[in-house]
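When the chains are written out, they are named A, B, C, D, E and F in that same order, and each has its own residue count from 1.
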Amino acid sequence: MEEQQSLTHVRADGSAHMVDVSEKSETTRVARAEAIVRTRGDVVVLLAEGNLPKGDALSVARIAGIMAAKKTPELVPLCHPLPISKVTVDFEPNAADGTIRIEALVKTRGVTGVEMEALTAVSVAALTVFDMIKAVDKAAIIDGIRVLAKSGGKSGDWEAGA
Amino acid sequence: MEEQQSLTHVRADGSAHMVDVSEKSETTRVARAEAIVRTRGDVVVLLAEGNLPKGDALSVARIAGIMAAKKTPELVPLCHPLPISKVTVDFEPNAADGTIRIEALVKTRGVTGVEMEALTAVSVAALTVFDMIKAVDKAAIIDGIRVLAKSGGKSGDWEAGA
Amino acid sequence: MEEQQSLTHVRADGSAHMVDVSEKSETTRVARAEAIVRTRGDVVVLLAEGNLPKGDALSVARIAGIMAAKKTPELVPLCHPLPISKVTVDFEPNAADGTIRIEALVKTRGVTGVEMEALTAVSVAALTVFDMIKAVDKAAIIDGIRVLAKSGGKSGDWEAGA
Amino acid sequence: MEEQQSLTHVRADGSAHMVDVSEKSETTRVARAEAIVRTRGDVVVLLAEGNLPKGDALSVARIAGIMAAKKTPELVPLCHPLPISKVTVDFEPNAADGTIRIEALVKTRGVTGVEMEALTAVSVAALTVFDMIKAVDKAAIIDGIRVLAKSGGKSGDWEAGA
Amino acid sequence: MEEQQSLTHVRADGSAHMVDVSEKSETTRVARAEAIVRTRGDVVVLLAEGNLPKGDALSVARIAGIMAAKKTPELVPLCHPLPISKVTVDFEPNAADGTIRIEALVKTRGVTGVEMEALTAVSVAALTVFDMIKAVDKAAIIDGIRVLAKSGGKSGDWEAGA
Amino acid sequence: MEEQQSLTHVRADGSAHMVDVSEKSETTRVARAEAIVRTRGDVVVLLAEGNLPKGDALSVARIAGIMAAKKTPELVPLCHPLPISKVTVDFEPNAADGTIRIEALVKTRGVTGVEMEALTAVSVAALTVFDMIKAVDKAAIIDGIRVLAKSGGKSGDWEAGA
């Protein structure tokens, strides 16, 4: 059955392994991912629009996302370690919708793609936003964690549908 | 403005800190959280219903989730370290819907709640599922990461609405 | 020789160990530490007084310091792991002097003091400030890393001289 | 304003990011850094001149410094991961002055400089020395953490003034 | 089948979990473990008997073992985090036999035993010894990693047979 | 004395360092290592032959071994960080002998060999097996941790004797 082999991290007998990437060529690879935190409008205002002198709230989540991208191979067991060469994490707070959209971009010169790094960055940034707001909104939800686009590597460029 | 003070991790001037929990009492605390991975039915079958002798696929995600729960204070900058006393991570694959529901339960005897640990467990388990299937479905989405219930501590028990 | 025994991490034959603290009593312990980054006045202005909408520069250093406090037993080989219950990291930029003073406060309910955690917090916050400014001032110096005060524990309270 | 752009880790709006180094060329890069621990002469003797059969005291600090160099991108949020190819950490105890000078050299073949790795090595080695002596000298100070010299990379060689 | 339940980390359906220890009582617990590195007599002499001024070789392995004890819950997926209160790692080089015996003692006040911590300490100390000697003896073997004794906790004291 | 120089991690004065590998050439390198867990036949059956629907027991040890390979430079102080490109961990349970043989293969394109990574993988997989069975067999022993073969690099291929 050909699909069985499609789970690249699983061998023919079903056991997991870290696949061989030693012959893949090193190219510049980029991936973008996003996540949405759904909360209430007043909470979005608290997080993002305070006129406080030191507005650390979203900075904390940004740093958490950037640091998490570097930790991806420690968190996702079969991920290969990669020399990350760029990470950005951005927030789009929308008080009307009560949402905060998070987008990460990760770049490397390496032998595997960086979509797991970008997904890990937005996930941990979203968890950190949740941690900031959980005292005011226990019911917040993290939604729509997905890859937006990736480029570089043999499998070519890919972009998510609208 | 009283709401400003509601972001417990942020001080009056907007700067972040790790709040003082030294006077909180140690009680048994439990939290349950969930996440949904949305993919295709055939991918769910590959992951969960293979008759392979060593079906590691979901085991990898379970272990990743359990280990991530222990790493929560390394990932979420303002989380307090906690002596976790129990973690379970379970999967409910649904081939008809093309979804895998992930639920984690975390327990501690400690001074703060463990909802961040439970959310981190399901998030990293979901990222690991994504990593297993990304070669066959780049468009998979992780949705609905939320707390289901928490108990213990001063703020009392809480359960998510249906 | 009594002084030989004063190096508590070293046994009679000179070999290192992690000393036994299992009989020490758990009390609330606090330590404050500081570090000074010496650079140029214009660099301090860049770091601390920019009217930019998202002034992340010192936030990054604050988060780095808080997270480093939690990593102390991973960095300092003979330190005991401790359940940290509070961390703050603050900055006093002084453009006239070309300095940034960093102060950290760490609190625990535990069996050992937290001066190493407070010192680690200011050291890593200072290294992060250095990393932010190194492109504009390679000659910056981190000075005066020291304990300001500690309280709690059998050895009693202690405060640094002026 | 050109200076605003000089903080390479901060974008035009003030938010932090990990800058793109994917187009920088891989060259051999070296950095040397130092730190001074200021204590009392008798403490320096305890640390460095004991005739004990197993004189682990400074070895512990050396290993801590070497291991910390490898942890730099985990500690300093916007540092890129680098394949470190050499680390040395050396001590110059001076009982007359009551000081211990620590010098680290770090080398890599990579796309960014290694001054942060060398500074992290001396800082953590100094913190470890402090941890060894804190029972006999709470008032010890870590001073003068700075880059001594760096070479390799586009910006050319650099040496600290005397 | 009652034996199935004996694998405490495995639930009735065979899936792994981190078992609940929240109701276990906190007592002082100690474990001792050992490992043997088998190499050649001349290599043991190199490692342990050099008259060099700074004999770091076994110090490196000792520190590695102590630090690894603290990392046990990061390495062994279902281990509970524990506040370690004492660690020692000792070496018995025997040039006649070409062996180095490593013994670790770990102590805690906690709710689970520390045999995994003691075993991890000797294992990583042994791996570090191997790393020191691999250029002169690729064929070295690490043997006999086992618990020597444990005490504390409900299951009572236990000692290995001779 | 030439042998003194054979301990590559130790300098002429006996102090430890991380040796310079910046001039070594990057080649594909492979290492295989093994470990034996000695327990009782009925325990091997419990671990490996249960007809349970989710047989996670050895999966946990496999994942632990794979993740530990990536952590080698964090555990073994003088190891260089390496971009691991493949890891497999396999188990050969033998109920008749009461043993489980563990074999790991690690591959890299890098400047140093990967025998320490392969040894770390089997050691941590073996510790994890021990952790799974310790409630039913405290007297289990981990034996025979050794390199089976290595290839790539200047020193050429090497294979252990039978």
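List of remarks:
Here is the rule we go by: contacts are C-beta pairs under 8 Å (C-beta built on N, C-alpha and C of every residue); 3 or more make two chains touch, one makes a residue touch a chain.
From a predicted model like this one, the values you see are computed outputs, not experimental measurements.
Path length between chain C and chain E in the chain contact graph, taken as the least number of steps between touching chains: 1. Taking shared numbers over all numbers used, the chain D to chain E interface scores over half, which places it in the same class. When the contact pairs of C-E are matched by residue number against C-D, E-F or B-E, more than half turn up again in B-E.
Spacing of chain A relative to chain F, judged by their CA centroids, is 31 angstrom. Centre-to-centre separation of chain C and chain F, using mean CA positions: 37 Å. Each of residues 15-16, 54-56, 59-60, 62-64, 67, 71, 74, 77-78, 83 in chain F touches at least two other chains. Those chain pairs judged to touch are A-B, A-C, A-D, A-F, B-C, B-E, B-F, C-D, C-E, D-E, D-F, E-F. For chain F in complex with chain B, the residues that touch the partner chain are 54-56, 58-60, 62-64, 67. The touching residues of chain B, when paired with chain C in their complex, are 11, 15-22, 73-74, 77-78, 80-83, 110-111. Within the complex formed with chain D, the residues of chain A that make contact are 28, 59, 62-63, 66-67, 70-71, 83-90, 107-109.
In the complex of the two chains, the chain B residues touching chain A come out as 3-4, 6-10, 12-16, 42, 46-47, 50, 52-57, 59-60, 63-64, 67-68, 71, 74-79, 115-116, 119-120, 123-124, 126-128, 130-136, 138-147, 150, 158, 160-161.
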